[in-house]
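What follows is a set of notes on a single structure, which appears directly below.
Each chain gets a letter, A, B and C, in the order it is written, and its residues are counted from 1.
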């Protein structure tokens, strides 16, 4: 495992460097783009707001797959992946909520307008935050991993129902027009996709780092138990 | 075919192996005493035998089938650390409940019979919460024997019992052995256990340090095994 | 057939034990009444707007008071290690779960049916206008609360901070079901019938109930046997 992790390190550093380069370039390009006709500079927040949301959704899907695989195989590597990707997903979803809220403050004049998408995102954030709380409360590693996996499946099933019902709930209220009629010039699409790539890569790097921490933590935990048994 | 067969069983808590490559067998009509100090894995092993938890690796067979099979569960009687009867139900209600869950044909009759056998028939209608410690323990014994299990798994059965409950349990265990039941028990009470045991296994940090038939010198000197194979 | 017999044995056991001590149901009922009282201070109980939102208040009362019953569901197996005996018994985890859920369902419904008239009196609401439809919503919404609450009760029974973790897990996942139940209850109390507009919510509630009942029955064995 040790000689392999040496190679893993190089790949991880390389990937990290690539993420930084793409991000710096993206920020430079986005800053130099002309202002959008109706919304002005604030419109550019979309280059981050949407990619982080999509990344968070991918993270939730990966967490589901990892949780199911853990329940089938009982291999703790899947549990480590599940917790890592959930934490990273939560961070990205938080970024989505914050950018959305800032945009709302400028365009609608209020931080929180109970917009359908923001509200759904908030409920999802709380759902997965509860997953992390559950993990903290369970002491025994096998039980923790099992319970968490079950809860991850429960949460994932809830996401589409939440999104659907909040949309339905919103349509019965006066609804602020989403994106304020802002247009999206086709040549901006490339910039958007580059930033999408940057966000996904960033999430992957963060997840890998967290998975390694989890694995090390589990090893430490087992060594401590061995020491206690001596 | 052995009544209890454990082969290459590992159990992990995270990465920590609580059981390592455990291999044990118990034939019908024998009594296997699991000894070893706290944390050696006795309870973990018994809970795997009872189907409360799954082994990480290896195979466990009770009467030739997996412990979690419904048919196997009917054949297992378990006494753990708690008495596993409800304080807010009466003695007869408790036993009838478990007789129903085990699908006995005449639940009420089985319950009454076992209350008599454990000397609790006079308090059949009394709530368990009002029982003395010894009465509760005898009820727990009745619950474990109620469905006539062929394999008995006992986790420290003598530790918390009073004299009368110990007498009841020992009598039932002897009768059971004579009928061909298999007993696996973990214990610290070496003297009581070794008298009953036909085989002994010493667990040390999750490994089987010794297993074999009980010899007269073990009964004469209960510390013999620990002295010979180490306490870990 | 065996399955349903086992379910009923478990449900009867839980109900009998609960009715003998009345710990959970008394606590839950008292809590429901206290919250109903407190809401009257937060919102003007005679105002029209309060009457409009009162259906929502009602479900908050049910969810809060229900927690006390649900928390006890698996926790009542803790003294004397009774859960071990149930897991060792030759019944499936699904039968155990369903039996407990049915017992909880009965207790929750009992608390709700007592709270409803009290609510009607306190807030001067004519809640019986659409009685059959309201009962349907009550049954569906309460089942959602029951299934997830019983599952969470099984998850949290052995862990630290059990009392805190149950609502923390249950409420967020219940958001769609509670939203549907609240909206329907508000409209039914106001006298609006089930129409093409709000029937969506009813369908969503049914779907929610079916999905989570199925998933819980499949996964509960994994939780009980470690």
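The working rule: a residue touches a chain if its C-beta (ideal position, glycine included) is under 8 Å from a C-beta of that chain, and two chains touch if they have at least 3 such contacts.
Remember, predicted model here, so these are calculated numbers, not experimental data.
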item: Taking each chain's C-alpha mean as its centre, the one farthest from subunit A; value: B
item: Chain pair, A-C or A-B, that carries the greater number of C-beta contacts; value: A-C
item: Separation of subunit B from subunit C, taking each centre as the mean of its C-alpha atoms, in whole Å; value: 38
item: Inter-centroid spacing, subunit C versus subunit A (mean Cα positions, whole Å); value: 32
item: Subunit A and subunit B: spacing of chain centres that average the CA atoms, whole Å; value: 49
item: Residue numbers of subunit B (touch at least two other chains); value: 54
item: Residues of subunit C whose C-beta touches two or more other chains; value: 226
item: Multi-chain contact sites of subunit A, meaning residues that touch two or more partners; value: 140, 142
item: List of subunit B residues in touch with subunit C within their complex; value: 50-54, 68, 70-71, 73-74, 76, 78, 80-89, 93, 97-98, 100-103, 127, 143
item: Contacting residues of subunit B [partner subunit A, same complex]; value: 12-16, 39, 54, 56, 205-206, 232
item: Touch list for subunit A against partner subunit C, complex; value: 71, 123, 126-127, 130, 133-134, 137-140, 142-143, 146-147, 150-151, 153-155, 157-158, 161-162, 164-166, 168-169
item: For the subunit C and subunit B complex, residues of the former touching the latter; value: 2, 5-6, 9-10, 13, 16-17, 20-21, 79-82, 84-92, 225-226
item: Of all residues in subunit A, those that touch subunit B in their complex; value: 74, 76, 140-142, 218-219, 221-222, 225-226, 228-229
